[in-house]
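Reviewing the structure listed below.
Chain nomenclature is as follows: A, B, C and D, assigned in order of appearance, with residue numbering initiated at 1 for each chain independently.
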Amino acid sequence: MSGSLGIGLIGTGYMGKTHALAYRNVHAVMGGLPPVRLKTLCDTPFAKAEEMAAQFGFEAASDDWRSLLTDPEIHIVSVTTPNKLHKEMALELIAAGKHVWCEKPMALTLEDAAEMEAAARTAGVVTLTGYNYVKNPVFKLAQELIAECVIGTPVHFRGWVDEDYQADPDLPWTWRARIEDAGLGTLGDLGCHLVSMAYGLLGPIESLIGDMQTVHATRPMPDGSGHGEVENEDTASALVRFANGVQGSLSTSRSAWGRKNRLAFEVHGSKGMICFDQERMNELQLYENSGPKAQQGFKTILAGPEHAPYGHFCPAAGHQLGFNDLKVIEAAELLGAIDESRSAYPDFTAALEFEKVIHAIAESARTGARITIGG
Amino acid sequence: MSGSLGIGLIGTGYMGKTHALAYRNVHAVMGGLPPVRLKTLCDTPFAKAEEMAAQFGFEAASDDWRSLLTDPEIHIVSVTTPNKLHKEMALELIAAGKHVWCEKPMALTLEDAAEMEAAARTAGVVTLTGYNYVKNPVFKLAQELIAECVIGTPVHFRGWVDEDYQADPDLPWTWRARIEDAGLGTLGDLGCHLVSMAYGLLGPIESLIGDMQTVHATRPMPDGSGHGEVENEDTASALVRFANGVQGSLSTSRSAWGRKNRLAFEVHGSKGMICFDQERMNELQLYENSGPKAQQGFKTILAGPEHAPYGHFCPAAGHQLGFNDLKVIEAAELLGAIDESRSAYPDFTAALEFEKVIHAIAESARTGARITIGG
Amino acid sequence: MSGSLGIGLIGTGYMGKTHALAYRNVHAVMGGLPPVRLKTLCDTPFAKAEEMAAQFGFEAASDDWRSLLTDPEIHIVSVTTPNKLHKEMALELIAAGKHVWCEKPMALTLEDAAEMEAAARTAGVVTLTGYNYVKNPVFKLAQELIAECVIGTPVHFRGWVDEDYQADPDLPWTWRARIEDAGLGTLGDLGCHLVSMAYGLLGPIESLIGDMQTVHATRPMPDGSGHGEVENEDTASALVRFANGVQGSLSTSRSAWGRKNRLAFEVHGSKGMICFDQERMNELQLYENSGPKAQQGFKTILAGPEHAPYGHFCPAAGHQLGFNDLKVIEAAELLGAIDESRSAYPDFTAALEFEKVIHAIAESARTGARITIGG
Amino acid sequence: MSGSLGIGLIGTGYMGKTHALAYRNVHAVMGGLPPVRLKTLCDTPFAKAEEMAAQFGFEAASDDWRSLLTDPEIHIVSVTTPNKLHKEMALELIAAGKHVWCEKPMALTLEDAAEMEAAARTAGVVTLTGYNYVKNPVFKLAQELIAECVIGTPVHFRGWVDEDYQADPDLPWTWRARIEDAGLGTLGDLGCHLVSMAYGLLGPIESLIGDMQTVHATRPMPDGSGHGEVENEDTASALVRFANGVQGSLSTSRSAWGRKNRLAFEVHGSKGMICFDQERMNELQLYENSGPKAQQGFKTILAGPEHAPYGHFCPAAGHQLGFNDLKVIEAAELLGAIDESRSAYPDFTAALEFEKVIHAIAESARTGARITIGG
């Protein structure tokens, strides 16, 4: 088994499963990557870890994530625990020389994220953050279309990311409503994904003005003991200025009925426009001011093998990638980076930039002032 | 011909024609309204007025709009001239006791609009401003759905209005680029329509922060003499707070390639969501958190005779109203208001509120400060 | 009033109103056409005719359509009565030398339609049939795209036309269910429109095999006296072969819940595809196998002034024509034909070809045999 | 390793890879299934088999598929070779007591398929055919909506399946164009999928009339030696009658530019309608004639955890399954059937019914006669 990369995975929930599935299939899908060995799955209680290790195909189960630190056969650790736990785990894993694939956001506070980023940078391990949507082949197409000036020079940007998991006012209060436990609300859960896409399309955001709101200010306590306060935001919006001079706006809500994963953007350019909506993740909209005026219109481009790495999943266009396939592309990025001794994208350094923006939106919303994003 | 309302129309361009067509057909479409008499059409030069009077079916042509002031057989005058001319015309028409249907925006500056509003209010004539989109039967449906709590309590709002008539950087400079002649840019042309819809859905905006940008800073002079400066904005956006406590955002661009009339909004509610896009003006999207979860989804409601006054145009659903039909509904509102001695909606007083918002966005964009909209 | 064309209109219902509105506005919209004079509106009882004449702006009302035959000031007569009455009216009007705009289908039987066509052809009057959908500017765009080989050579065709006005099994029985009164069912109401579009795109249909079905075999009698038989078809479909060698299929239903006016087609070509749906009548879908593969996709072209005669209604693209505007374009075709002493399209001769197809579908459905359409 | 099911896979192409990926992940996704062991991967030449065995994670490679027959550790064999080879392989595998997951269509001729079906039925092994689209959670939702009478009684059906892999007339001739090698054209590649969906929704088809066409009659030989004949059909259509009395139509093309996987259907019911398009495979359209008329419309239901087994892939709605996930659901069906000693769906017996239909369409197209599908 020499040459293979041993995997530790902390967490067996929503994201934990996507990591497990990605590790299982990345080599078979992509070829040409170092093989992986599913070594240890960590969760609590132990019975849970054991059950899921059997299901996911890990060799071992553990209820002590620190056991991964000293296991020489483990090279990569995925951190998919609640965000509050990321920092401690990541710092110790980095210190132990492990490569780390950490779900987003990196941490509850910008200070914690910065500490993680500094540690990773210093240690020289490979890190990857779970900004899966920038791995979509049609997102890469969007980037290429911009790079190739197909829509000319970008002149304006709009982005939204909405879900409805907190739309129902009658949903009970949970720890997710408490800043100490959850940090930001929709900005941390959803907004940072949008920022990752904005960066990928237009580069850094220089300054912004934000506003935010807790639309359901209290929620019934699950034990029937009255109502608990919702401390973090349900909606947030910002007017942004990119470093390249483009203006734009961002908006996010976790209380948007009917939206299940509406992570959408428009890039307005001097010669055309690109639009995307993750709820139709295999489609990219492109308008070009070219050809006969009478025949101009928005084109719906269906993902296909012309849009790498779609072809690794399926040789036929329009057959659709799914969400879990994006995690496979992430895993390939991680393994490739390790194999080639390069940094992965987006690593902690890149992710820190995204997370600066969501915290700046929150700060601006609190103070009313325009915030300049630190370099 | 006693009992009929005599019409004067100033302007024979884009909007002038829509007014003429609306006057011609409103009685035939709606029934039950005072008959109209197409009396005098004004434009310059006289030959133009004469030609279009023949085409539109006016009894007389004139190159002197002031001739309308003293014509006792003219009761209503439509003002569809360039915005710069609205104020002078409206003030004199009001002073002459004419009812006035004035295209939007009312004026280049808020001060001028306020002066027009005060004059109209004092004179007691009926006024109507050309905010045609709020006359769409499916917009009225949206208002009713909100009023009936079908989507619960509104919690968030988003709106956009985009066209691409200034998207091409190579388009020559025109007077529309000069503030003295044109006033605001996209905010005046497009943004005020969006505000009219936001008001119709959620009521007054209390305060806002805005940003705006001239994305094509100069344009080639038509005579080849270098480049002229574009003084007004191509894009503008704002974070708004409604008086009812809801937050939201507005954004507009006249340089958005591919958008031809994308006047769109989302109203997020505590029980559902409503979405609309004028480019598919016969459709309203509705999501309700009701019924089996497995069967929930956004519904596309096609305009039909259940959505008054659609049935006056066509007894069969889904057969589509067009833009010009909206002007017929406006005309019906005007004639009905005169007939019933009530105010029309949106009259100068209502329109002034919309126009306060676009000027506030521009002011906030210039100063960086949050603007509170005056009562 | 010399030089103007006097209009008689028989019928004040759904189609009658569309004709009245079209006559009222066609000159104002289009310019350059002979003026019209709304002379006499016929309906029964007389009070109804009188009321609607006032609303629609006709000079006179009558409950005797034959009064039109001898009125020398009436040049054109619109026939918008129940289909059963078309033949008698058209034949007498033609014999009286009137130009005739007759709603579709021309008649209940093919024999009657053929008799009407022969009479019109012999008499040399101008006729026009109410196939409004082929007047859509984006339908003309589709025809031009085919003519210019933008999608190469057509290789396949599919078309559908569905509504839901007979979808509810509990709707009461009406005369529309009786062949003697109504003739064909969905084929006559809807199917012939689809055929008109198929012809306009690909030319004559040479032969076909059809099937049809009455899905709601009986309906409750309105007087509560049990159930009445539905004699004509709710659905009908056909496999067709065009004279140019292309195969295709047609299908129609008047019992298709949710479809309000889904008159849709696909033209598959050797280099691309064109798709259309009347429920989004301002859009045409175009796919071209050209340019980079990675950027190919279906384009949504929004109707605009590049698509004549859209610009006569509105100078701005994407602002939407409506159903009634299509009738204005029909009226312009009629007036232009009379003015230029040419035939209008589709006249009785063209329409007879469309109606041969729907009767052939019904005949094939009854006999099971392939039907060759007579020349 | 006792208790696990050993897998042999023949073929490493498009479908071969999907089977490999499905086997790799089905246990991890679903839980509660017998574990699988990826034993032997067969392809030629051996180097290819060896390379792909390494990539896909099989223990052994072979260029002799018959080696699987006698391997006692292999319990299931996937047959993903060219269709021409299915019969021989399946018959020998069945005779050897292996469970068989065979790609569709089962065979080039109906006789061969019938022979395979009889062998499987007699032998009592579990078989599964690769009709992946009926495994889509939203397809199951469609079935449930019909079963629960949400759209009332079905009254009409329409289905299409189009791709464009043979749309370009300049594509070179291949063996796929020769009946001896490939059997049917688009009916075998695509049409049988549509039939599987029609059956799943409305049950057996009783009789039909078909038509078909080779739109590109010859293709350039790859060696430049002139043109070769295309023997099988590019398009095929049929008017069908289901055993339950419903009429409908089917149509398929492999030469439909822009269509990448447009496998779409409409089920018209007495109370509503259901529509689906595989190019947006995570969406189901539902119209119900219920609630206020003014609020009726087609609903777009996004796949989510309410639609089993979506939740096994992702706990969050709207995050999208992909094509390869459908193969995982197929694999789960196969393993579950073996585990529970029941037949899988669709097994060879079910698939034979689907394939009867495509051959009947071809036969009817050749003879012109209505074909009754044998029991």
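Basically, a contact is a pair of C-beta atoms (placed from the backbone, for glycine too) under 8 Å apart; a residue touches a chain by one contact, two chains touch by 3 or more.
Model, not experiment: these values are computed from the prediction.
Engineer: How would the chain B/chain C interface be labelled, same or different, where same requires over half of its residue numbers to be shared?
Structural biologist: same
Engineer: Could you work out how far the Cα centre of chain C sits from that of chain D, in whole Å?
Structural biologist: Comparing mean C-alpha positions, chain D is 41 Å from chain C.
Engineer: Could you give the separation in Å between the centres of chain B and chain C, each centre being the mean of its C-alpha atoms?
Structural biologist: Once rounded, the distance between the two centres reads 34 Å.
Engineer: For chain B and chain D, what's the span in angstrom between their mean Cα positions?
Structural biologist: Centre-to-centre distance between chain B and chain D: 53 Å.
Engineer: Mind pulling the chain A residues that touch 2 or more other chains?
Structural biologist: Residues 259, 296-298, 302, 304.
Engineer: What is the shape of the graph in which nodes denote protein chains and edges denote touching chain pairs (line, ring, star, complete, other)?
Structural biologist: Shape = complete; every chain linked to every other.
Engineer: What residues of chain A sit close enough to touch chain B in their complex?
Structural biologist: It is residues 151-152, 155-156, 158, 160, 167-169, 209-213, 215-216, 234-235, 237-239, 241, 247-249, 251, 253, 255-259, 266, 268-273, 287-289, 296-298, 368, 370 of chain A that touch chain B.
Engineer: Using the touch definition up top, name the residues of chain C that touch chain B in the complex.
Structural biologist: 14, 17-18, 20-21, 24-25, 27-29, 31, 55-57, 163, 165, 259-262, 278-282, 302, 304, 313-325
Engineer: Using the touch definition up top, name the residues of chain B that touch chain D in the complex.
Structural biologist: Where chain B meets chain D, its residues are 141, 145, 150, 284, 286, 292-302, 304, 306-307.
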